[in-house]
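Across the two complexes that follow, chain A remains constant while its partner is chain B and subsequently chain C.
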Partner chain A sequence: MTLEIVKPGLATTVQDLGRPGYFHLGIPEGGAMDRLALTAANMLVGNEDGAACLEAVFMGPEVKFGADMTVAVTGAELPVMLDGAPRDTWTSFRVKAGQVLSFGFLKEGARIYIAVSGGIDTPPALGSRSTYAIGALGGFEGRPVAAGDVIPVGKAMEGSDGRSVPQALRRRPGKPAVLRVLPGLYWHRLTEKSQNAFFDDDWTVAPEADRMGYRFRGGQQMEFVAREQPFGAGSDPSNIVDGCYSYGSIQVPGGLEPIVLHRDAVSGGGYFTLGAVISADMDLIGQLQPNAPVKFERVDMDQALSARKVRKETIEQIRQALL
Partner chain B sequence: MSNIQSPLPGTFYHQASPEEPPFKSAGDAVAVGDVIGLIEVMKTFIQVTAEEPGTFEKYAVQNAAPVTAGDVVAELK
Partner chain C sequence: MKTRYTYGGDEHVYVEVDDEMSLDAFFIALSLSKLVREADIPGVTEICPANASFEVRFDPDVIAPDEMMTRIKELEGEAQAQEKRLDTRIIEIPVFYEDPWTHETLMRFRERHQDPSGTDLDYAARINGYDSAAAFIEAHHSQPWFVSMVGFVSGLPFLYQLVERDKQLEVPKYLRPRTDTPKLTVGYGGCFSCIYSVRGAGGYQMFGITPMPIFDPEQKISYLKDFMVFFRPGDIVKWKPIDRAEYDVISQQVEEGSYTPKIAEVAFDLDAFNKDMTGFNAKLMEALNDA
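The block that comes next holds the complex of A and B.
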């Protein structure tokens, strides 16, 4: 079974839940920017949680189905059409061979996940089908899909029509989006005034935000505690002697615009990181458009761990709702 | 009269680069597929093209203005 890309959209890629275990070698985890939405899409069509889907950002692709299958689109509110007739998001529907899936203008959020029963069946690379485009790894030939690509789809049982994720379980960022942050290793490098300002200031998503990192602007220039820069750290006070970066870590080059490292980020470098967005809130970043308003909220480790638990529970609630 | 909408959110530009003239000026003929402007997002520039023919009337947003998906960026007669 296959599906054919008629129009590719902006940067539509094959993604699953990623390839953990290679970050220390500089290969990022990759995978869906909104993992909850990808998981829900798979549940809707009867796939395993981590089956590969198409991730599209800001604008949808046009896709022609090569066989009958069950389809679901989750994540952003991007109007879904099958042969021009509207279909609901977060809801499974049957398609026939030859039918065409297309999309309207984005209403809310940033990324959609298109799941098909059987999952996208491109060859796994290092245990994952996720596309890491700068590394030309995984997905469809290691790159975003292009017009004319014929994408393999796995075999599946006939999925069921009209299953829908309840509204309350469709997690999405608020306005402003509130991203919870755990201060980290280099937090002490900021003056108390800048530490407070980071949480008090109103930020917006900068247009440069992508799968590697989300950049934010609009807050005050950060000030650093004076020190004699250690050997190898350079003269800019936002620099350190190189260190490891975690998924979600927040670097602030020049103390001006924070960048939250996301699924396709580099694994280390010479910028101080003031802390990290907690894992439970990384899905929300994947749904932020340029210019979206954002507030950072300080949490401690206990709060971060309980938020992680709540997110896992939400995924289980979706599973239960679809039984 | 028809409107040209931005297909995605980002920053809308009237010109290919700051030194070049706008893609279209009032009275210019517009053919299907003509480039009307550029949207910058995620470090890439995406062309906004006309899907219907017409005569260019005006840009509906300023150069370098932030836009969201579906915003009208130009008007045709």
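The block that comes next holds the complex of A and C.
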């Protein structure tokens, strides 16, 4: 079974839940930016949680189905059309061979997940079908899909029509989006004034926002605790001896614009990091558009772990609701 | 040297062995990261060693963050006591310095550089006290380098020169990172050299380019058939300056699948190296020349 890309959208890639285990070589885990949305899309069409889907950003692709299958679109809000007739987001629907899925303009959020029963069946690379475009690895030929690509789809049981994720369980960033941050890593490099300002300031998403990382602007220039720079670090006070970066870690080159590393993170570098966005809020970043207002909220480890538990429970509630 | 432990969110423990770079700190970080790997702690998903630090990623649903940190701390004494010795290899990497491709790129991003009037090599030569770019290039390739970290993107090696600290070259990174760097650029930032494994963004100064690929996701290149990433921490590198004609010959050989990197098995012993750097490097070079 296959589906054909009629129009590719902006940067539509095959993604699953990623390939952990190779970050020590600079190959990030990758996978869906919004994992809850990808998991829900898979549940809707009867796939395993981590089956590969299409992730489209800011603009939907146009897709022609090569066989009958069940489809669901989750994540961002935008009009979904099957042969021009509206379909609901977060809801499964049957399609027939030859029918075309298309999308209207984005209304809310940033990324949609298109799941098909049987899952996208491109060959796995290092244990995952996720596309890591920088390394030309995984997905469809290691790149975003293009018009005319014929993408393989796995075999599946006939899925059911009209299953829907309850509104309350569709997780979306608020306005402003609140991203919870656990201070740590090189937090001590900032003066107390700058530490407080980071949480007090109003930020917006900068245009440089992609699968590698999201940049934010609008806050005050950060000040560093004075020191003689350690050997090998480089002369700027925001430089460190190149170390590992973690998913969600927040670096601030020159103390100016914070960058939160995401699923296609670089694995290391020479800028100080002030802490990290907690694991529970990584999905939300994937739904932020440029210029979206953002507040960073300080949490401790206990709060981070409770938030993680709540997110996990939400996924289980979705599973229960679809039984 | 005082080891610092901290969290990177709820899924990472970050261990900084020292805030400055040294091979002593590298060896302790590598030993400790290996001990963590051997301890086979349930919940650990990634162990990433870096120059003078390392990071452990774990699933906090399996092991609590404070317990994870405690388990690592318990291994520190053993890592500190381990012998700083590695069985490794020395590899000759051909470099075409002052090549046309990095030159075109550095001219394109001149306004992001400390010295828009010259080239990256002219600038690096001047601030390190060399009369000419040629003299600086000589200093860059005359003594071997040690891969102290693999990462950033797709198998990119960070290399630390095996010379006394006062002879080490140091340059800052670009004022603002470039959005483009040619694939296989030989770069420099802080005290580290690097090879950009793929085309993309970068902040290191650009000195030249190698025709020898070091990352191949399709695993078609003869010496990358077993694994797509060439470098691992502890590898030793000797740059070999080449001209355009040699660059073209090697590129052709890589294309045809007939290029084989020159490699020799060697042991690196930090105490022996520290006692006599010139003599130790001469022995490394002998092993490479015999290969």
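Here is the rule we use: the second predicted complex is superposed on the first by the 323 of 323 C-alpha atoms of A that agree within 3 Å, B and C clash if a C-alpha of one lies under 4 Å from a C-alpha of the other, contacts with A are read in each partner's own complex, and residues count from 1 in each chain.
The rule is simple: a contact is a pair of C-beta atoms (placed from the backbone, for glycine too) under 8 Å apart; a residue touches a chain by one contact, two chains touch by 3 or more.
All values derive from a computational prediction rather than experimental measurement.
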First, second, both or neither for A:G270, with chain B first and chain C second: second
Contacts of A:L137 with chain B and chain C, given as first, second, both or neither: second
Touching partner for A:A146 - first (chain B), second (chain C), both, neither: neither
First (chain B), second (chain C), both or neither touched by A:L10: first
Which of chain B and chain C A:P290 touches, first, second, both or neither: first
First (chain B), second (chain C), both or neither touched by A:A209: first
Residue contacts on chain A - larger count, chain B or chain C: C
Which of chain B and chain C A:V178 touches, first, second, both or neither: neither
Touched partner set for A:S279, first chain B, second chain C, both or neither: second
On chain A, positions contacted by chain B and by chain C: none
Sites on chain A touched by chain C in the complex: 20-21, 23-27, 125, 134-137, 142, 182, 184-185, 187, 230-236, 239-244, 246-249, 253, 266-270, 273, 275-279, 301, 304-305, 308, 312
For the chain B and chain A complex, residues of the former touching the latter: 5, 7-11, 40-44, 46, 66, 68-70
Residue ranges of chain C touching chain A (in the complex, touch as defined): 6-12, 14, 16, 18-22, 45-55, 57, 60-61, 65-66, 149-156, 158, 160, 165, 170, 172-173, 177, 189-192, 197-198, 200, 203, 215, 217-218, 228-229
Residues of chain A touching chain B in the complex: 10-11, 57-59, 105-107, 207-210, 289-291
